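Once you scroll down, you'll see the structures, which are given as structure tokens.
Paired with subunit B in one complex and with subunit C in the other, subunit A is shared by the two complexes that follow.
Now for the complex of A and B:
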């Protein structure tokens, strides 16, 4: 039975107003970005915020830019905004190939990059790329700003380091990660939009290999222990040592482990 | 109704014409019940069971009743109406006991949807959970809980069905042909295997929706997204003991049904709410989640087949046991069982056959008609079995099929003789094989295998299906001529996307000799206005309504010619028409326009003759009989549509992933009235079949809770899943009693897609798949000789993306 209740909708027009609003509603407020997770959760009775705080309405929320610091994305930057941004396509192909695997075109029109990581689903498609590219989360609250690398951002299933009253103001992908190449393999039930049964990204920069794995543990996983000297089997073993998949309606633990191994071997074999 | 005229000599029949509903569908002008709003209309929300089986100890509606906007609340206690077409086993709302997860126990009608939702949430139901029986094979055990302890007292169609009181068996259908024991003893090889498939959902784009208004003097008007307005009216009147003249059912455009809207559904619920709300119209539209668990699905099947084969590869004997999972109610499943029972061997001759087909109650959402009416499910078994038998005895599977295919002179399981005009499954198989270059790997395919490392395999599967209908199924078509000489067509067969109205229009234009744009088929069906049609199901629409249309056109012309004969002082036999006027064949200059006669002809002196021109055509299924309950003997089939699919697939042996590179679908449609529509049906059905082959299926936990009641985890294919290459073609062996020789093809396109894919995967890798769907993990497990997942009733489900326990509360 879909739940029903009334909530207040707030749309702060500046960062200062937003931080004040978040502070005031630290316990009963929920941030609305694309809404592709929040709205279904409200409909299905999984979340029941008293205040829905729209993060898209302040100036600069949807800003995406590239400069000396790298790629910067505000909290309202949608997946398709990212895919349309030439600097992102040219310099961060890995980020874009993961973005392209996320849901369907229609959902990518709404869903935001920030929302995909704040939601902290184990099957986040953006997280593997952000992990492998050393991206950072710029978090802001009334108390100021702190910068957290994504490698420390996720703390559990649907859990992050974000504190009540705090929001993800920007995602920073460092300039040093520009030009990193890689490939994301995502196992799905249909060819169209689907949540991954498992997803494995491998990136390569100056001979350094990294793996980002989704749908394989309580959080998205970064594996940076594999080297180009490893055989595909050794690489697969290292990746598998870092994950702990479960059995669910999409697949068994056994098959997930098998496929993570297959993907890791396949990806490494391609670059060796 | 077959005139042996070559398609080239016909003007409209056999040619491509635009769909009759093209503009309004493309522009969004077509009005569906989902779109409809009536003055004062109330909205409905339901309280549903979180248990698969529980005693209802009490329902407290006191808080909900006093909430804003609430106009009516009903619970099962106050309703004493049983509903059903074949076996009358269902209440409008659960009464005393809930029998499946998601079953409705109370309903609220309120001024807004939000108010109805809030009130439904405020209803408190006190349950005593009872142990459910979930797997249909468990339900057969002697100590299994009974889903319907009162089965023995239910009314049912006694000439056709055999429920077993005191068990969970809602129907037992038998076929006994020849001497099976002796033939097995004489067989060179005996192969026995078991196959299965889970429940799946129809997924119409428009979910179930109805509006009902219970007016003064018990006059009830219903607007509904349904396939069969007259069946809705008939069953409604039986349930409420109302005269048929009191009830009017209207069906506007319908956004898909696939069998899920075949009988009666949510209409009685809307009606009792309207009655309690003082006659205000009440609307209920199911959510997508409710489509999966409140409304019916397709039954699961376990099918065991044992086959005896001679040294020469001829089938000598076959023993077939079908176990159909009806779920909590068996109204349609009993007839799915019957139709599947008499077709159980597929399009093959089985000289000695033994079929036991059971419909079994379980505590799960209930099964109903679904495109193919059982044939998709059991052909999965039969056509995988034919492959496995052929492998076991060392014959090529296609050769084995051709050797045993039904041919003129063969006898079906029920003893019906196949005639040269019955259709030609051999040609279908051969054509499918030719189009995929069966039995060889082309140089391009060889190169592709080398490049990808994926193995290519090719598989064929054949099929047959006859309409599963009562032996006396009837329909009628009425043609009314408008003042300008154009024609309005009324019929209560509904066109919910399949395109039948377009074909009927072509048939009428052809028969009348009129330009096609002079023929309009009224899209909305209305039991107060349209002539009777039983139901829009079973791929029988074109055959029965097409014949009725021919007769109606002939009748209209006869009446017009009678007037013209009088006006022109001619013998009607000497008259012909050019679409605009009737003229004397040997004096073409002497004529009278249809427009002048349409509503009555005024003679030069002012006298009127004739009157409004109306043509009536009635048609009833010919020559069908009830089947002998002990042997199955009789004539159940109006016509048989044969077909075959050929699939080229490539498989990754390491992962179990696969892709369909090509599919060729061939059907003996007798005559393609509209080749474009045949192609539309062929591709649509093929994709639906592919969806159930690749990934669809209901997954329950051990308490009978549906774990995937939405598109998050009950995926259906999208355009991206289309095979790289799709070919459709027809074989045309005219059906002598079909309109212009035509047969139905709406369901056949979905049948045997899955086994063709399974056969191709086996050819590529050796994987002996026996359970549908074939997820990549299933293929991988089979290749690894690992236990199948069989997670359809699962012990340990935890969602990786929503494994937090609070995240799994949806739908309670």
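Now for the complex of A and C:
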């Protein structure tokens, strides 16, 4: 049984302390949120941080709120915190259906929404919803704050625009996206919890159709070229033109392409 | 660092390495070996405990990050020789075979029933979705919970698991 690799644990108690700690440990520190990606990665030797910096311990890190700006989630807000938040369930059903598909109940009790997007896995279940709902990432470092739409947040497999010393302080889902409806179809190897083979979300707002696709390209994909006038086949062709799935342990490229087409046609047929 | 934890109503204080998981802290530092390690990385649920009211995989939680927390483990279920209601229901419905998954299963069911006294079979299946059992299948486990909560008419197996 491999022993957990040794590291130091730091728990900054304010945003100022956190940014100072992140600056000091820009090369040998790793942020810890729910730990459901980080701890297994350390255990498997994929990551070897000297310092693990807990982002959950400053005041307000776990704040989730709804107001004129929309839904705001701090970096310690878990998937189940989101699902238990009534304003989120009532106003952002699409975000909640994707959250509900993520991993198992125990993991949803720990895994954060922020950790899911920073991890930037192609199979992230939260990314399709955040893309379709025009969500934004509020990033902070010692140099200040910048706001990046999720459509330009992901830069590659497990890569984002986050710079060393910077953290994701808040996720904002605009009020204008409240009430958007849709459905997320996630193909898995088993009925229980599993990473997706492919995931296809379709959202609809005032007649505008969007697709968010996971496990289909190096980054999660947003497709906004489909219209309600398209036939299901035309919609599937447009979605497939935007993705480039690969073969891996969970499925082949051909199977993924086939199922993305099946799901795109099925989802569009439901709203036509 | 010094860690203080309330486990099954008792306060423990121990010196603990900062990289130690809650699972190892429970098993090796406190000697509470009822909680099992299967995969050690979030897949199997054998290590499930209740942390401040919510079921979590203790293999992915650091003891350091939950200093001061309240934990329930399988050791807190029986009262001396008297099994808890959930344990009795598992026993009666043959929901235990080798027993390796059982401590985690019981903890997942315990959180569910604390929030939802009469879950549907689907809600039970969802609550134990992160707990793998390689012996009994899941039918007896779901039936044990339905039997306990008084809704035994709904049966069912987790499709394809």
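Throughout what follows, the second predicted complex is superposed on the first by the 267 of 272 C-alpha atoms of A that agree within 3 Å, B and C clash if a C-alpha of one lies under 4 Å from a C-alpha of the other, contacts with A are read in each partner's own complex, and residues count from 1 in each chain.
Convention: a residue touches a chain if its C-beta (ideal position, glycine included) is under 8 Å from a C-beta of that chain, and two chains touch if they have at least 3 such contacts.
Computed from a predicted structure; not experimentally measured.
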For A:246, select first, second, both or neither according to whether it touches subunit B, subunit C, the two together, or no partner. first
Regarding the shared-chain residue A:158, is it in contact with subunit B (first), subunit C (second), both, or neither? first
So, does A:208 touch the first partner subunit B, the second partner subunit C, both, or neither? neither
Tell me the contact category for A:259 with respect to subunit B and subunit C: first, second, both or neither. first
With both complexes overlaid on chain A, does A:270 touch subunit B (first), subunit C (second), both or neither? neither
Applying the document's definition of touch, where does A:90 land relative to subunit B and subunit C: first, second, both, or neither? neither
Footprint overlap on subunit A, where subunit B in one structure and subunit C in the other make contact: 1-2, 4, 44, 190-193
Would you tell me which residues of subunit A are touching subunit C in their complex? 1-2, 4-9, 11, 32, 34-36, 39-40, 43-44, 52, 54, 56, 80, 103-107, 109-110, 190-193
So in the complex, the part of subunit B that touches subunit A is made up of which residues? 45-48, 114, 117-118, 120-121, 287, 654-655, 657, 694-695, 699, 707-708, 712-713, 715-721, 775-777, 780-781, 786, 789, 791, 794, 796-801, 803-804, 806-807, 809-812
Looking at the complex, which residues from subunit A come into contact with subunit B? 1-4, 44-46, 121-123, 157-158, 187, 189-195, 197, 215, 218, 245-252, 254-255, 258-259, 262
Which residues of subunit C touch subunit A in their complex? 1, 17-21, 24, 37, 40-42, 45, 48, 51, 54-57, 59-62, 64-65, 108, 111, 126-127, 129-132, 158-161
